[in-house]
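Across the two complexes that follow, chain A remains constant while its partner is chain B and subsequently chain C.
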Partner chain A sequence: MTSVAPQSQPHLTAPIDLTAAPALVAKAPPRRLGRTLYLAANIAVLAFLLTPIAIVIVFALNPTPFIQFPPVGVSLRWFEKFFASRDFMHALLFSLEVAAMTTVAATVLGASAALAIARGNLPGSRLIVATMLSPLMLPAILTGLALFQSYVLLDVGRPLWGLVAGHTLVTIPYVVRTTLAVLHNFDVRLEEAAQNLGASPVRTFFEVTLPLVKPGVLAGAIFAFIVSFDQFPVSLFLVAPGSETMPITLFNYLKFDLDGTIGAASVVSILLAFMVVLALDRTVGLRSYVKL
Partner chain B sequence: MTASSHRFPLSRRRLLTGAASLGAGILAAPYVARADEPVLNITGWGGKWGDVMKAEIGPAFESEFKCKLKTDTALPFLPKLQASSRSAPVYDVLHTNSNEQWAAVEMGLVEPKIDPKLVPNIADVYPYAVSDKIVGVCIFTSAIGLGMRTDKGYGSVTSWKDYWDAKFNGARGGYVIPANSLGQAFVMMCGTLYGKGQTDLDAAYAALEKLKPIKLVDFTGAMEKLILSGEAGIGILHDSGIYRYDGQNQPVDFVTPSEGVLSLEQVLSITPGSKVKELANAYINYMLRPNVQKRLAETVWYSPANKQVKLDARYDAKLLTTPEKVGKLIQVDWKWYNAQKDEIDSRVNRIFRA
Partner chain C sequence: MPATSAPRVNSLALLILPSALLFALFFFLPIGLMAVMSVLTGNPVVMPNVGFTTKHYARMGNDSYYLEVIWTTIRIGLWTTLAALVIGYPLAHWMARIRSRTGHALLLMAVLAPMLTGIVVRTFAWMTLLSDKGVINQILTSFGLITKPLQLMYNETGIIIGLVHIYVPFMVLTLTGVIGRIDERLEQAAENLGASPWRAFMEVTLPLSLPGILAGSLLVFALAISAYVTPILLGGFQIMTLPILIYQQISANFNVGFAAALGMVLLAISLILVIAYNHMLGLVSGQRGLQ
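So, the complex of A and B:
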């Protein structure tokens, strides 16, 4: 093999004579201006995203029973009230339980569907994709009402599995979409190679296919968890008496007691979501998301 | 066949059947265990009402009547009742404010009246609780008047018309009328104050127009906070929304306007298709018992509908506990209002959007 000398290297390392390049000098200020504007736009977007969280934190830590700015002090009284409330604790654990079941169901079903769509040579696959994504187009409150009516017709009441099914319905599209995105660039020859080397279809799936589509599946699973944990409109109709999820409990609470407990509950929810992402990063690694 | 399969003659089919039976058994167990225990499905509020119902009132009822009380506190109740079968409704007793009860009765979802023979405590309620403005029976009421700050030097406020005073411009709190029954009741009050009566909508719209600038909120809880934080100096509010801060050194007070207070009723009604009507009537009778009324009234500052209730002095001084005080209540014709609601919603949205 012959080596190729990096011919352009001297140009990159050589000092630039600015006096000899007036055009470059003239262009420098607009570039700096552009960079400043770019930075400002990024800061503005970040501020837009983080301001509601900052307000929630201020509300949660402010001792007054209403939103006040500037805050008059720092207190943990709303966190104490939140953690002392049996209703909130029950709702928090119940939401986690529902979100965990939903994540498993949506991930298994969504990822399987995506694989079938991408690989199955199914007739009308575009229509199938559109159908799989349709829960996102229908207002979720109507999905909740329709499911509620279905359960009433079936005379099954409002069981836990019914709530999980409702959440799964609205979270499957996220898993399908993210898994399909990865499968789109998937090199089928890798699977063929594995099978040529004697791997069974099952082994090929677990040792070749799954690791390669993992970023998409994982991204979908995280979406599913967060969407389920924060799900309000579908839960509104499907929660059973005495088994309310966190968003429903918050909604009921704020109709009668609009105090900092709402802020404390929101901060805890944000921290929980963050911890889930962190735990996933530690266990399965999120760097692979970069591929998405 | 291997030796191990002789020792464990478990085929895949048997395993799946067994697992399915076990799963079905686990899922059905709670229902089987309670198969002979009647269940009363009701609606109810959250907050302190929900707390005391869950901790004391509900368990005492369950114990006395040997039943299970299932309370749905997740709004909205009417769409769920609408979606369920008329012959097997999702609720046996519907607890809402009066406006929703009228919507429910118009759709045939609840029975218009309660039979006093089946609910003997109805004999002790104030006339307003079973008036022609009420579906079912009213068990409590709140007075809708004006909540205001006492530390802003506004001077004396005695009339609803003071709410229009220019000194409250920018400090006036009101409701998103289509979404809030206090706001809706206030529309009728505007017709009474500036026109020929509750149904004089033109006069009401003209009066509402003059309220701008005004800060609008959806929920009464938000109005409380608006006043507590000082963001609003005056706002339409029910008395319990102010009295609940009694003894907490908050610079707020409730004003009973000289023209009278609007009635915000807590109403119970029974669904026609309920399979446990006897229990439903027993529940309503129980909720009208003096001791139950007293406990709830003193927890959430609602005025009891039962005349026989004797509240502690602190509550008795403020709540509507005598015929004279009750005489100040103005009941809203919700049947009429609901029939005009679409038109009113559209018009008030235009007024406050501009």
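So, the complex of A and C:
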């Protein structure tokens, strides 16, 4: 059973039968059929994942005020309406502002915490990691509710710092995770070598550790930005009336209207997210940071 | 971390303090306050004499409406998890086994693209697809397959479709990691010994990916039962789930105590799931915890 050891190399040298992928159908069918069904199932899943996004883009460009399929033409009127809407523009800018502040806070706090966990020899580091990642799995709506109640009890109203603190809490896990992934993977001997060559711990930190963890921190920062920009449940409880974030404004609009403006707003959000992902892929590569 | 004997705490450990402070003030303290509020008769800041009470919890236990809401939430969560698993497994398997780097990058993009599109946007997309005059009904009508529009949303089915779309990427990413760690040569060995690809999958790959299935399912279930936007919009304000009820207690009734008690129920369910998830992932990846 020695070969059961987990091995991460995807490319093996052993002769591989490409048709060997298991088919998800009952009873052993001929291999070709199995392979076809396997691919068909996967393409269906991909269609399920991507169709809604395609549909939104179609409706943003659809000229009629009602949902119509097949579309009868192409128009940018909903984009004009979106960019002319003071509510939407206000919300978009406010969301960008909150996301920027959140990203800075989450990145500084999260990266520091990851360093402390990986290099500080803290006792109970597993528990600390689990705690710091827990906002990912504990319902964000509870974080919102708990913070809302505390702000009510302390009678502080709904301040901007309160909203940013809530967003920071739910975005910190991403930074901690990506930074820890890098810290776990890099060779501690590089730091030791620097110190053996006479560098002080501080200098080692700034000249060896920091440049090496930068990709992880950056990836985490980008995740933090996107998550904050799309954050809904925490904002639901913590935004002050009149200064709502983009998702909240979209949600309120959706309750009453289903015209193309919402499509245009969605496309702008999607484009923003895509630009960020492309930047992420270009700068640091996605593959190693999306382990869940 | 090297497992050298008795590591000393060093000055880098101090870097944990800002985060610890944030978590203490904005996470543990508020959740503690929520727990306290759930057993108080009123708001201690504005009311002079508040006492201890279990009435908020008693209200939940005595009124079948609230138990029904909790059960609806769990039921939607279970169906969402099951559907996400069935849909997500083939894709995760493909992603884990695909050889071409470009292919892998494209699949990853396809999985991440919905993830990076906000929840409200994706719910809107499903509304345009599933509503009475939506794309699906229009297409079916134009082909003469139906005369009356199908009721695809404003019911639990619509909610589940929307939730599956939102949470299937989490399932896929969890499963891909686990399936990727299974030695492909084990499947080949089974096939060389005469097993069909299907049998090799059922008897080798599937059992070995069980921890990933459990971890992904726990994650998706935890996320699905705490969803707010999708159930409220695709349920058309008709179907009540725990998160919707919690927000309603605040926004419509301002019953902070009862909202807190409902929150504690949701928290209890989630905590059990988080601990189970951590445990499962611990089994999969050895010592690295959630990461």
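Throughout what follows, the second predicted complex is superposed on the first by the 225 of 292 C-alpha atoms of A that agree within 3 Å, B and C clash if a C-alpha of one lies under 4 Å from a C-alpha of the other, contacts with A are read in each partner's own complex, and residues count from 1 in each chain.
Simple rule for what comes next: contacts are C-beta pairs under 8 Å (C-beta built on N, C-alpha and C of every residue); 3 or more make two chains touch, one makes a residue touch a chain.
Quantities reported herein were computed from a predicted structural model and do not represent experimental measurements.
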item	value
Partner chain(s) touched by A:P123 [first = chain B, second = chain C, both, neither]	second
Touching partner for A:S266 - first (chain B), second (chain C), both, neither	second
Partner chain in contact with A:V152 - chain B first, chain C second, else both or neither	both
Chain B versus chain C as contact partner of A:I53, first or second or both or neither	second
Touched partner set for A:L258, first chain B, second chain C, both or neither	both
Partner chain(s) touched by A:P65 [first = chain B, second = chain C, both, neither]	first
Partner chain in contact with A:E97 - chain B first, chain C second, else both or neither	neither
Which partner, chain B or chain C, touches more chain A residues	C
Which superposed partner A:L250 touches (first chain B, second chain C, both, neither)	second
Footprint overlap on chain A, where chain B in one structure and chain C in the other make contact	66-68, 145, 148-149, 152-153, 155, 236-237, 251, 254-255, 258
Complex contact set, residues of chain B against chain A	27, 41, 45-50, 70-76, 79-80, 83-85, 88, 90, 219-222, 224-225, 228-229
Complex contacts: residues of chain A adjacent to chain B	64-68, 87, 145, 148-149, 152-153, 155, 159, 235-237, 239, 241-242, 244, 248-249, 251-259
Interfacial residue positions of chain C with respect to chain A in the complex	1-2, 7-16, 18-20, 22-23, 25-27, 29-31, 33-34, 37, 43-45, 87-91, 93-94, 97, 99, 104-105, 107-114, 116-129, 131, 133-135, 138-139, 165, 168-170, 173-174, 177, 180-188, 191, 196-202, 205, 219, 222-223, 225-226, 228-229, 233, 243, 246-247, 250, 256, 259-260, 263, 266-267, 270-271, 273-274, 277-278, 287-291
Of all residues in chain A, those that touch chain C in their complex	3-8, 10-12, 14, 16-17, 19-29, 31, 34, 38, 41-42, 45-46, 48-53, 55-56, 59, 66-69, 108-110, 112-113, 115-123, 125-126, 128-143, 145-150, 152-155, 165-166, 168-169, 172, 177, 180-181, 184, 188, 201, 226, 229-230, 232-233, 236-237, 246-247, 250-251, 254-255, 258, 262-263, 265-266, 269-270, 273-274, 276-277, 281, 286-287, 290-292
